[in-house]
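Structure provided below as C-alpha cells; questions to follow.
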Amino acid sequence: MTANGQTGKTFRLLLVLLLTVMAVGLGYAVLELHSSAGGLSKQVATNLEASGVSNPVTAVLLNFRGYDTLLEMAVLLVALIGVWSLGGIPDYRESSPGPVLDTLSRLLVPMLILVAGYLLWVGTHAPGGAFQAGSVLGAAGVLLLLSGWRLEKIFAGLPLRVILILGLGAFVTAGGGFLLIGNVFMEYPSALAGELILMVEAAATLSIGVTLAALFLGGRPEAGLDK
Amino acid sequence: MSHVFLYALLGVGLFVLGLYALIVHAHLLRKILAINVMGTGVFLVLVALAGRNQDTLPDPVPHAMVITGIVVAVSATALALILMLKVNGATGKNELPDRDRD
Amino acid sequence: MIGDIVAIPWVVVLIVLPLMGGMACFLFPTISKSLGLMTALAIFTAVGGLSWQLVEEGAQRYAIGGWGASLGIDLYADGLSLLMLVMAALVGLGVSVYSSGYFSRDKANHFWPLWLFLWGALNALFLSADLFNLYVTLELLGLAAVALVALAGGRGALTSAMRYLLVSLLGSLFYLLGVVLLYHSFGSLDIAILAQRVEPSPAVWAAVGLMSVGLLLKTALFPMHFWLPAAHASAPAPVSALLSALVVKASFYILLRLWLEVFPQTNTAFSQLLGLLGAAAVLWGGLMALRQTRLKMLIAYSTVAQLGYLFLAFPLATSCAWTGMLYLLFSHALAKAAMFMAAGNILRYGGHDRIADLDQVAQRLPLTLAAFSLAGVSIMGLPPSGGFVAKWLLLEASMNSGQWWWAIVLILGGLLAAAYVFRVIGYAFTQAELPHEAGVVPARMEWTALVLAFVAILLGFISPAAFELMGIGAPFGVGCAG
Amino acid sequence: MGKINYEPRIHAVNDILSAFLLISVPGLPLLLAFPALHRRLPWPGLIALLPATILLFISADIFIELPWMLLGGGLGIDSVSRWWLAMAVVTWAAVAAFLHVPGGRGACNRLATLFLLTMAGQMGAILATDMVSFFTFMTLMGYAFIGLLVADGDERVRRAGRVYLVLLIFADIALLEALLVAAASTNDLGFAVAAGAMTLSPFSVLYLSMAIAGFALKTGVWPLHVWLPLAYGSARPPVALLLWGVPVATGLFGAVRWLPLGEITAPIPGMLLQAVGAVGILYATLFGLMRAQWIQLPAYVAIIATGMFAMGLGAGLRDPSVWNQYGDSAPVFVVLVGLGLAIMVVGLAWLEASGRIPSGFRKTAGAALWLERWVAAVVRWGCWLGISILPGLRALWLVKWGRLWKTSVWQRAFNAGEHFLQRWVFAITLFLLLGMTFVVLLLLDAMSFL
Amino acid sequence: MSWDTALPLLIVVSSLIPGLIIFFLAEKQVAARITLNMLGVLVKLALAGVMLWGVFHGHHYEVRLPLLPGLDLVLRADRLSMLFVTLSTGLWFVTTVYAIGYLEDSPHRSRFFGFFSLCVTATVGLALAGNLLTFLLFYELLTLVTYPLIVHRGTEAARLAGRNYLIYTVGGGALLLLATVWLYTLTGTLEFTARGFLSGLDAVHHPALVVIFVLLIAGLGVKAALIPFHGWLPQAMVAPAPVSALLHAVAVVKAGAFGIVRVIYDVYGVEFAASLGVTLPLAILASVTIIYGSLRALFQDDLKRRLAFSTISQVSYIVLGVAVAGPMATIGGLVHLVHQGVQKITLFFCAGNLAETLGIHKISEMNGVGRRMPWTMAAFTVGAFGMIGAPPLAGFISKWYLGLGALDADQSWVLIILVGSSLLNAAYLLPILYTAWFKAPPASWPAERFFGRYETAWALLAPPVVTALLTLVLGLLAFAPFSPLEWARLITSREFTP
C-alpha cells in the first residue's frame, strides 16, 4: 500500500487535509447543537413506572427499546456462528498456565460469577444489568480458557448451543408469548414486567457470557469431534 | 460551553483519528483497532451529548444505545479478528492484497 | 377467518420467524436443511399475509411493546417496505431451495442459521421506522453477510470477506454518527417524527453527509464499489445471489427512506451529484463487466452498473422515477439472483467459470443457459421484462423532466449490458473442442435459477398490479400514470 | 384496370368456345413446356400449334376479357394480328419440323421447353389486346428465345445471346417506363384506347420516345442491331429461321400496336425514326453486304427490312393520314420479308451443309462489340467503386478501430482505473472527498435558503 | 373473453406453446417434434384464415392487457397487420417443412425449432401490435429469438455474425425505445391510429418530431437493412438456409420494413410526415440503399451473400413505396412486402438445396447445375425473374405500382431508381441463371448426396417449387379477391381516401 511512496505521501497529505476539514466540520456541527433540545429523558421518567424496573437505562434497554436488544443478541449469535463457520479452533501454541495464573483463576472465577450475579440483580434499579453481568461472566470464561480449561466434549454440542441461544430465545419467547395471547409484541403486562425482565436478563447474561468466551476461543469447540 | 462538549469534541477527534489510521495502516490488526477507535469516538459523542442538558437527568436512551453499540462492536471485532487470522493463514500476510488476482 | 388473517401482526411474524428458524437450525444442524426450507416457506407465506393486510388496511404502523414512537420502536410497513419484503421473500425462497442442493453437509450447518438470520435482519430492516434500530439491523446484516462470504473458504473469499467487513463497519459507523447527530438535534429516532421536526442546521448537514456517504459505501455506488466485485464473485453462488440481490439493496433502502421522508426538500446539486455518480457507475460497471474473463466477476460488475441506475432517479425525483427505480431494483434482484445461480451451476458443472471456455458447459445445461439468458433480458432492459418496465418509467421521467441526458445514460447502460450478457451467451453456443469433466448439477438448482429468471420476465406483465401494491401508503407521492 | 371497350361484334362461335380457343393458343404451348408433358408426346411443337392453326381458320374477330389476369387484360384476334399469327404458325411449324425433339429423358428437354415457352410467348403477344399482356408475353418470349438461342451452343452463340440479353433488358425497361407513363395518363391500357389516349396526354413525348426506344432495341434497328449478325452467324439453322419470325417480327408488331399511329402528329420522333431507318438501310447495304460472311447475310437483309419498316413508321408518325392510307400493308410487308428470309436461311444452311460456302466465323469488327466492352468497363468501374474503395475503407476503418481497442491504452486505462479504485487509501480518500462534497453541497443549499 | 378478443391472443400463442414445448423434447423425439411443429403451423394458418376473413368483413379483433401504467399491450387485427400475419404464417409453413428436411440428423434440433417457432410468434405479435409499445416489445423479442438461430451452427464465424447482428439490432432497439418514450412523453399515447396521431401536436414540437422520426427510422432501419445499418445481413448468411429464409423473407427484415410502414402511416400519418418534410429524405435513403445493395450484390461470388445484398436492395422498395407518399406507391410498397418475401424465400431455399445436395456455395461452382437439379433451378429462375420484375411474376406488380405511384406523386426521379435497380437486378441474377443452365457441368460436384427418387429430398424440393408457383400466381392473379394486391389496395384506401 505504501509501495509507491511518492503517491502515498501526496495522498497522505491530502488525507490529512481532508480529515482536518472533516474534523472541523463535525466539531462545528456538534457545537452548534441546541443545548435545549431535550432527549427522551422526560418520557422515560414518566413511563418508568410501567416498565417494571426502576433503572432508566435498563428500562430502555429491556423494555422501551427491548427490540434493539433482541436484535443485538442476534448480532452476537451471528458473530459466533460466523466465527464457527470459519473452522475449528485456531492452532495456538499450547502453553501450560503458570502457577500464578492458575491460582488466580481458581480464585477469580467464582468471584467473577458472583459479581455477575450481583450486577444482574442490581441492574433493575441501579447501574448494572445483563450486558455488564454477561461481560464479567465472559471474562471469567476467558480466564478459564486461558488457564487451559476446556469444555467437556459432551457439553460442547447441543448443551452449549442451547445456552448460546438462551438469551435470544428468551427474548423471543417473552416477546412473542404475549403476542399469542393477544397483546402487542414485547408488551409485558406491568404486573409481570419486573420478573419477566429479570428472567430474560438472566438468560441473556448467561448467553452473553458464554458467547464472549466462545468468541475468544475463536472456533468451533466440537470441530475436532466432527472429524 | 461545558465539559460535555469537550467530551463530544474528543469523540469527534477519536472518530477522525481512527479514520486516518484505518486508511493509512495496512496491517489488519491496526485497521480493526482503528475501527474500534472510531466506534469509541461515536459512542463518546453519543453519550457525552446526553448530558448536555444540565437541568434534567442525563438522557438514558443514549446510554442504552451505547451499550447496544458496544456489544455490536465486540461481536464485529471478534469476527474480524478471527477472519484476520484466517486471512493470515491463507495468504501468509496480515494485510489485504493490493488487488485481487484471478 | 379473513378478519383473523388480517388481524395477525404479520410485521412481527416476519421478523420473529427467521430468527426462530435460525436458532432452530443452529440448535439442530443435522436437520437444518429441512428446518431452513420450512422457515423459508413460512416466511414466504407471511409476506403474502402482510400484503393482504396492507391491501385491506393500508399502511401499517406497529408499536413494539406498545410504547409508541420516540420512546419505543415502531415498525412501519407501506408499499415501499412491502416491495422490499416481497423481493426478499422471492429471492430468499429461491436461494433456500437452491442452497438445499448446493452446500455440502459441513457448510450447510453454518449456512442455514447465518442465512436465516440474514433474512431476519433484512425483514427487520425493511420494517423498521427507527434510525438506531436500523443501525442494529444493518450490523446484523453485515456480519451475517461477511460470514457467508467467508463460507466459501480459500484465499479470495477470505480476503474479500475481510475487506467487506471493514467497509461494512466503516459505513455503519458513519451512519451511526449521523444518527447520533440527528438524535441530539431533535430528540427522536423515529423517521416519521424526525420528518416533522427536521430543519436545516449544521448538525443536520453533517448528518446527511455522514449517513449518505456511509450508506453509499455499503451500497457500493461508484467509485466506492471497490469491495463489491471481489466479495460478490468469490462467495458461494447462493450467497453471491443474495448479496447482489438483497444485501446491497438494504442500505439503499435506508438511504431512500431518508431521502424520501426525512430530508425531502430537494437539493438539486446534491441529487445531480448522485445522478452523476450513478451514471458513472452504469458506464464504468458496464465497461468493466465487458472486460472480465470470469463469469462471476462479470456478473458482479454488472451489479455495480445496475446499482448505478438506482441513483439516476434522484435527480429526476418524480414519483414516476421512484417507481421505475424501485421496479428496477426489484427485477434486478430476481434477475441477478438467477444469474449468479446460473453461474454457480456452470461452475459446478464445468469446474471453472472462464467465459471463453463456456462452450460445452452451457450446451449441456440448457435450463441454466435459459435462466441466464432470461435474466439477461431483464438486466438489459429488453421487453418484456421487469427491467424494461423500470427502464421505460425512468426514461419517461427523464424525458418528462427535460433531463434527457439521463435517458442517454440509460440507453447506453442497456447497450453495455446487452454487450456483456451476449458475450457470455455467444460463447455458450460455440461447439466444444474438448469435452470437460462434468460435475453433477442437481435439477433443483437449475430450476430455481430458471424460475427466478422467469419471474423477472413476468414482472414485465404484472407491473400495474405491482405498482398498486407499491403505492400503498404513498411512500413517494401519487402514482405515476402517464 | 377498367373494362376494355371493344365493341362486341357478332361472334361466329359461342363465348365459351372462343375463350377456350384463345386461351389455349398461348396456353397449350405453356402447358406442354413442362417436361413431364412434352416428354410423353410425339411432336409436341406441332401439337402446341394446333389451337393457333384452328384460330386462323375462324374468320371472325373474337375477344375475351381476362380481368383476373395480371393487371386485367384480354386476348383477341383482329385483322392485323391475324397476319402475324399466320406467319408465326408457319414459321413455328417449319422450325418444329426441323428441330426434332426426341422423347425421353435427356438434354434436349431443355430445348423443347424453351422452344415451347418462346412459342407461347409469341402467340400470347400476338393475341394480346392490351399493353400489359403484350408486354408480359413479349418478355416471356424474349427470355425464352435467348435460352433457345444459346442452348447447347458454342461460345459465339453465347456471345450473341449475351448481347441480345443486354439489349432486351434495356428494351424491357424502356417499355416498362412507357407502360407506366401510359398507365399514369389513362386508366385503360387496351390497345384500342390507350394509344389514342396517349395522344392527349402531357407525357406523350416521353411515351413515344420510350416506346420507340424499346422496340428499336427489340427489333435491332440500326445502331442497336449488333446482336443480329452475331446470332445469324452462329445459331443453328432452325433457330436462325426463328430470328426474324420471332423477336423482330413481334417487335415490329408491338410497335404497330403501341404507337398511336394514325392518330397523332409527332414530327420529331417521326423524323428521327425515318433518319434511323435510312441510315440503317445504308449501313447494312454498304457495310454489311460488303464485309459480312455469307451466313450473316440474312442479318443484314433483316436490318434493311427493319430500317424500311422504321421509315414507314416514321412517316406514319409524321403524318397520320399516310398511315391510315398505307398502314394495312405493313403486315404484308413483314410476312413477305419473313418468307424471303426463311428461304434464304434454309438455302444458306443447305449450301453450308453441302460445303459450297466455308463454315466458321470471321473475327467480327471491333466496332461491333463496343457494347460488350462498355459493359465490362462499367463492371470494372463498379468493382473499383464498390469493392476496392468501400470495403477497403471499411476494412481500414475496422483495422483502426481494432487497433484502438487492442492498443492497450484502453485496457490499461480501465485496469489502472479499477486498480486505483480498489486501493484502500485511494478508495477511502475518494469516499471522504465525496462526503465533503455532500456536506458542502448541502451547506450551499442551506445558504441559498437563507 | 369473447372470440373476438381471444383470437389475436390465440394466433400469437399458437406458435408460442409448441415452441416452448419443443424446447423440452429430446433430440430423438423427431416424430413428436414434427407433429407439434406442424400442428402449430396448421392451427396458426387456420386461425389466420379465419381472421383474414373476419377482418375482410369488418370484424374488430382486439385484445388489451395492461402492461404499464397508462399503456396497454394491444393486439389488434387491422388490414395492414393481416397482410403481414398472412405472409409470415404462410411462409412459416413452407419454411418449417423445408427446415425439417434441411436439418435432418443435425444436432440441437429441439433448440432450433423452438426458437424457430418463437421467431414466428414474435413476428405475428409484431404484426398485430396495436400500439408502438407492443410493437417495440415484439421487435425486441424478435431480436432475442433470432440470435440463437443465427449462431446455431456454433462456429466462430457464426458467433461473430451473431455478435454483429446483436450490435446492430440491439442498438437499433435502443434507438427505437428512446424514440418511443420521447413520443410518449410528448403525446401521452402510442396507439396506432389511421393517419397518425401526431398531426394535432403543437408546432413547437415539430423539430422534436423530426428527430424522433429519424430515431425511429434508424431503429427500424437496422432490421430493414437500410443503408448504413445493413452490415449484419450479409454476415448473417452463415446461418442455415431456413434461417436465412426466415431472416430475409418471413420475419426480421420484414419486421423492420413493416415497422417503417406503421410509423409513417399510423404514427405520423403520410400527409403529416410529408408536411414535416421527412418522407423525401427517407425515399432518397431507400433509393440509395436500393442501388447500393444491387451494386454490392453484383460482385459477390458467394451465392447467399449475393442474395443477401439483393435483399438489402429489395426491401428498400417497400420503404421507398411508403416514403413516396402516394396511394399507388404505397400499394406497390405494401404488396412488395409480400412479393419480395415469396420470391426471396424461393431463392434462399434453392441456394440451400444446392448447398445441401451438391455442396455448392459459390456461383462459380454452379456451372450446369440446372441439369443436375432442374426443379430447383427452375424455381430459382422463376424467383430470379420475379426479382428482376419480369411480368407476369409477382415482382412486376410491385414495380408497376411503385412506378405508377412515383408518377402519381410527381416524383419521377424514382423511375430512374427503378430502372437502374432493374438493370442491376438483371445484371446480378441473370449470370447465375446463365451459369446454371448453359455452362457445362463439371465432372463432379463438391459434395454430392443422393436422395433417391428426386434430385433432392422432397422436403427440400417441395417448398421452393411451391413458392415459385406462388410467385407466378401472385403476379398472374394479382387482381383476384384476397390477393395481396387487393389487400394492399384495401389498406391504402383507409389511409388516403378523404
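Note that the chains are named A, B, C, D and E in the order they appear, and that numbering of residues resets to 1 at the start of each chain.
Definition applied: a residue touches a chain if its C-beta (ideal position, glycine included) is under 8 Å from a C-beta of that chain, and two chains touch if they have at least 3 such contacts.
Since we're looking at a predicted model, the values are computed, not measured.
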item	value
Chain labels contacting chain D and also chain E	C
Most distant chain from chain A by Cα centroid	D
Per-chain Cα centre nearest the global Cα centre, belonging to chain	E
Between C-E and C-D, the pair with more C-beta contacts	C-E
Centroid spacing, where centroids are CA-atom means, of chain A and chain D in whole angstrom	98
Chain centre separation in whole Å, for chain B relative to chain A (CA means)	16
Centroid spacing, where centroids are CA-atom means, of chain B and chain D in whole angstrom	92
Centroid spacing, where centroids are CA-atom means, of chain B and chain E in whole angstrom	67
Sequence positions of chain D contacting 2 or more other chains	422-425, 428-429, 432, 435-436, 439
Multi-chain contact residues (two or more partners), chain B	15, 19, 22-24, 26, 45, 49-50, 52, 61-62, 65, 68, 72, 75-76, 79, 83, 86, 96, 98, 100
Multi-partner residues of chain E (at least 2 other chains)	none
Chains touching one another, given as label pairs in label order	A-B, A-C, A-D, B-C, B-D, C-D, C-E, D-E
Partner chain B, residues of chain C touching it in the complex	132, 135-136, 139, 142-143, 146-147, 150, 154-156, 158-163, 165-166, 169-170, 173, 176-177, 180, 183-184, 230, 234, 293-294, 297
Touching residues (chain side chain B, partner chain C) in the complex	15, 19, 22, 28, 31-32, 35, 38-39, 42, 45-46, 49-50, 52, 61-62, 65, 68-69, 72, 75-76, 79-80, 83-84, 86-87, 90-91, 96-97, 100, 102
Complex contacts: residues of chain D adjacent to chain A	423-426, 429, 432-433, 435-436, 439
Contact footprint of chain A on chain C as seen in their complex	9, 12, 16, 19-20, 22-23, 26-27, 62-67, 70-73, 106-107, 110-111, 113-114, 117, 120-121, 124, 132-133, 136-137, 139-140, 143-144, 146-147, 150-151, 177, 181, 183-188, 201-203, 205-207
Chain D - residues contacting chain C, complex	411, 414, 417-418, 421-423, 427-428, 430-432, 434-439, 441-446, 449
